[in-house]
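First subunit A sits with subunit B, and in the next complex the same chain sits with subunit C.
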Partner chain A sequence: MSNAVHISPKGSHIMRIWVIAAHTFTQLVRMKVFYFLAVFAVIAIASNFFDLPQHEGPEAVGANVLRSIKSWSLGAMTLFSVVLSVVATALLLPKDAEDRTLYTILAKPVPRFDYLAGKLLGVLLLVFVSLALMDGLMTAVLHVRTNMVVAQQVEMATAMGWPADAVASLRAETLASGPNASLQGAVFAVFLRASIMASLALLISTFSSSTLFTTIVSFLIYFIGHFQADARNIYLQAGEAGEGLFARIASLVLSMVMPDFQLFNVIDAVIEGQALPMLSLAKLTLVGMYYAVFFTFASWFIFADKEF
Partner chain B sequence: MKGWFKILLLALALLVFGAMRLPYEAALSKSLRDAGLFPTDLGIGTRDKIGQTSSAVALGGLRTLVATFLNLRAFTYFTEQRWNDVEETYNTIVDLAPRTRYYWDTGSWHMAYNAASYYINDSKLPPLRRREAWRMSIHKGRAFLERGIRNNPDDWSLLASLGFLLSDSNKYPAFRDANASFAAAAEAYQKSADTGKAPGYVQRSAFYALARVEGREAEALALARKLYGEGPINRTPTMKALLFVLEAWENPKMDLKTRAIEIYGSPENAYEALSVHWSRVRDGFPVHGVSAVIPLLEEQLSIPKDKSVLNKPLPPPAGPDEWFR
Partner chain C sequence: MAESIAAVEIRNLVKEFKTSFRRKPLRAVDDVSIRIMPGEVYGLIGPNGSGKSTTMKALLGLVAPSAGQCSIFGRDSMKVDSRDEVGFLPENPYFYKHLSGAETLRFYGKLCGLGGRELERRVSELLALVDLEGARDRRLGGYSKGMLQRIGLAQALVQEPRLVILDEPTAGVDPLGSRQIRDLILKLRDQGITVFLCSHLLEQVQEVCDRVGIIFRGKMVREGKLEDLIAIEDQSEIVLQDASPELLNQIRALVESTPGASVVRTGKPRTTLERLFLREISEDEP
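Moving on, here comes the complex of A and B:
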């Protein structure tokens, strides 16, 4: 099969970006990345079997297994999406250079920004499709299991002589632990975090000399990003705890340079049964877009006059 | 443009961009924390306990996943009866997932019920040490539940579990003052009922605990009348017996037999139910008027004196004094 990319120099930016994105998506799919879905399916199904003994009344029957499904599934989604976005992005530029595709594209009157944006969009499309598939599987498993748990709980509550209103309340409470809008919001938060990682990896890959370097540095930043909020708090509350000038400057620089990934830990709260308000999700989306746009422009800034 | 100059510009842009987003992120972080969407910071102690790999995973935004794995590990410790490890693991689990009711409830159950029962039968320890280990396990279970309630004040289930623990006939002897234990149980059950999410039995349980508190009989009677008046759903055998007993406490001169038959519908039902109530010595329920009404009912039902429930031996005592001889 040919890997040639047909990009019309006369088309609009959006069209060019879309063509490169579609090609990148196809290129990545051919790397058989979707095989991991089989692993995810095993995880989603296996999480059903960790229904540990419980000692309470009907309200506790199966409650643990529903949380287990969400916890395992969202955990796997986070890992898969972050690894996928970093590794796929880190591979792109070196692979295009190795295959000589990069020279073919850049020899045409294709703006380098379009090339980078298309590559990033292709990765994001892959991450989005992967997450959508995993989300569909998780929702299906959770839906089936929630109905089973509700049936068990209602049977037990009825046998214990619970009145109809109490049974209805129990049913509503358990159904709320099943698939819901907050859970979909959490999956979207996973996507936002992966998007930031992909755009960050793109930036690093524009000046890095190897895929390995990009991958390692990206993961380092990913973990450091989870401490960014701590650094910010040290800076904002400086003086109260008597920190020195150096500590203040260091915490300020760290919090200005590193992305704050802790913001996306709302996923944990959703798994624990908290509702994720639309407004909070919208604010998180703004944060995600802010980073993605900045890192993409920064990548272009470095890549614009890079010699190959 | 020279390479170093570009890098310098990029670094500057990074700082400017960072300075611009800093206040927004700080405000968003605060609003998410206020909305209960952020867990508390992971303490250094917890990071040490879960190890470097799990710490990295937990800090990478997968705290609940680490908690799920630790819960499986705690179950293994439970099957191996390693109670200190069970306790330590649950303390770590709730640091990771403080809003999950299940972990608080299960951790407390392992300490106050499973570990405590284990020490009753642990032949490796002398009785005095077994008794102390039993008592400590129940206290730990209570403290763990109370910590769970402080973290989840609106959760009816944790409050109901605390009420159950404090009024359980196998557990309340672990506390120095049974009266204070019943009062605390009544308070926990009442708070659970007041959340508006608890099933009806929780309100009845609040009353059962209150009825056992010496000195608060009038309050208990008022609650009994209210619940009894709410309809058949609340008219359980225990409720009927306690209503009778508390009315007899309020007015010892009332016509006990007539009132008992009125409550139970027939002398046979009244005799059977009050005989059962008389035998429930381990529950610590009050028995005002029961020993007076039983002979009257026996007379009406022509039950010979030698077959009277009052002449039958009561169930033998079964508490720490017997378990740890």
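Moving on, here comes the complex of A and C:
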């Protein structure tokens, strides 16, 4: 061979994770997953037409359509991001093992944690870019429609002889229902929920033998996560059960390993026009990071001893 | 080679797999020991399911030994740094179909800490080595089986490892592709790279290996230098060019007049079907 190749000492973990993440992102992009953006565009545009006729006054004109755009768009974002997170993560690991590409990667000086973290990061990168693109489209549609609604309301209010300060107040109120920081916070919350689901699917795929099993179990946990907090509260408040130490410990352990997706109901509040306080978003970020890190390390714990 | 540390050291390796239906675990590798010195080409041969691939996987840390130890250049196989100087080509690899040949090598190179111009130089060098320069930017989904094996060999060599492990490197490849891979293995040997290969294609192993181990039902049944293993000690062979029938008769008479010696067989040496095939298709080439 020619000149000796310089190998940076053990490479760096971050570098290797990034190489695997970038590759996973490319792999998913080349699987044409971005085609769903066309479906999202149709949803975002179609949601413009869900304007129920209301004639109580200028303040009601167009309010429904703005809510409809946010509701349909955030709903579609949730659906796409969760499905993408679960299916992509569930697919990648078994595929690598089946095609034996995993052997060639692990036969290089690549720690198993780097491989797992890279795969997860690649999926999250794809989800992030997808959400950013969908967010851009939603914001653009909402911006245009909000301006149209404001113009309509102002025209109607002026015609009805509203005082200038009332018109200004109505205008400000309607603009607050348009694209704002809370809406961006809600999109970030959608991303956090997808991150939890991706890391959960990663954990399941480390011991599952099929993509189908991983997908089904992940979605099952997703649905359980939406009512586990209620179930826990009912259990703890149900007389003696709630007073026992065992019950409290069991409840705590359940909360630590099973994500409570009711925390993400703040997204629905944003759709209804409420503000998303920075503190709530920070709390949600911490919760999301906790579960993502917890599931990733649990995946590593299993994957580190896995034989191929 | 002045190095005294073995490139591969497998000591009393035992690997058992738990089975769902049988209480007794399946012993895939049973007390196997192999020592390969730097620069050697070692062939592990045996029928399918004899434990060849499991031995290689244990050496690469892909499975954990039930007992015994494996090390590469003195480093424990279960540790990641033991893979710094190893290249591995698994049996029937598929690689990522969405990547081109050059992208595949770049990906594996980056995993090994290579980058920039140095990586680009290495990618071009390897594509030339495995004769895939023409398919550099073609996606692997369109590669033939032989091309996939060659790109697989190239990825194994990306960080210039001192040890290359090849699991059935010519499985499913046509004779021409098989010959190309064998030529590459011989090139590696000339460059002083240690090669550990396993195969059940005995002729291929015979052509390239210095030492051979025969594994059967998980146990090493024979091991040693190739010439020692295949030589028939009490027989000698003379191959003559343009010998007349008279000369052959004289030789036969001389041997028969010597006490204790006898002619076992005379005749014309035969080429192999593979050599004939390769010669014929190379003559037909424009």
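Side notes on the structure shown:
We take it that the second predicted complex is superposed on the first by the 278 of 308 C-alpha atoms of A that agree within 3 Å, B and C clash if a C-alpha of one lies under 4 Å from a C-alpha of the other, contacts with A are read in each partner's own complex, and residues count from 1 in each chain.
In this text, a residue touches a chain if its C-beta (ideal position, glycine included) is under 8 Å from a C-beta of that chain, and two chains touch if they have at least 3 such contacts.
It should be emphasised that the depicted structure is a prediction, and the values quoted were computed from it without experimental measurement.
By the touch criterion stated above, A:Ala107 is placed in contact with subunit C alone, subunit B being left untouched.
Of the two partner chains placed by superposition, only subunit B is touched by A:Asp260; subunit C is not. By the touch criterion defined above, A:Ser169 reaches subunit B but does not reach subunit C. When the two complexes are overlaid on their common chain A, residue A:Gly75 makes contact with subunit B while staying clear of subunit C. Of the two partner chains placed around the shared chain by superposition, subunit B and subunit C are both touched by A:Asp305.
More residues of subunit A lie in contact with B than with the other chain of the pair subunit B and subunit C. In the superposition on chain A, A:Arg193 makes contact with subunit B only, while subunit C stays out of contact range. Using the contact criterion defined above for the overlaid structures, shared-chain residue A:Thr26 touches subunit C, although it does not reach subunit B.
Shared-chain residue A:His13: touches no atom of subunit B or subunit C.
By the touch criterion stated above, A:His143 is placed in contact with neither subunit B nor subunit C.
Overlap of the subunit B and subunit C interfaces on subunit A comprises residues 305.
For subunit B in complex with subunit A, the touching residues are 1, 6-7, 9-10, 13-15, 17-19, 21-22, 24-26, 28-29, 31-32, 35-39, 41, 56, 59-65, 67-68, 71-72, 75, 97, 99-102, 105-106, 109, 113, 157, 161, 197, 199-201, 233.
Those residues of subunit C that touch subunit A in the shared complex are 57, 60-64, 80-81, 83-84, 86-96, 98-99, 107-108, 110-115, 118, 122, 125, 152, 155-157, 159-160, 165, 191, 193.
Contact residues on subunit A toward subunit B in their complex (touch as defined above): 50, 52, 54-57, 59-60, 63-64, 67-68, 71-72, 74-75, 78-79, 157, 162-163, 166, 169-170, 173, 193, 207, 222-223, 226-227, 229-230, 232, 236, 253, 255-257, 260-269, 271-274, 276-277, 280, 283-284, 287, 290, 294, 298, 301-302, 305. For subunit A in complex with subunit C, the residues that touch the partner chain are 1-2, 4-12, 15-16, 19-20, 23, 26-27, 30-31, 99-101, 103-111, 305, 307-308.
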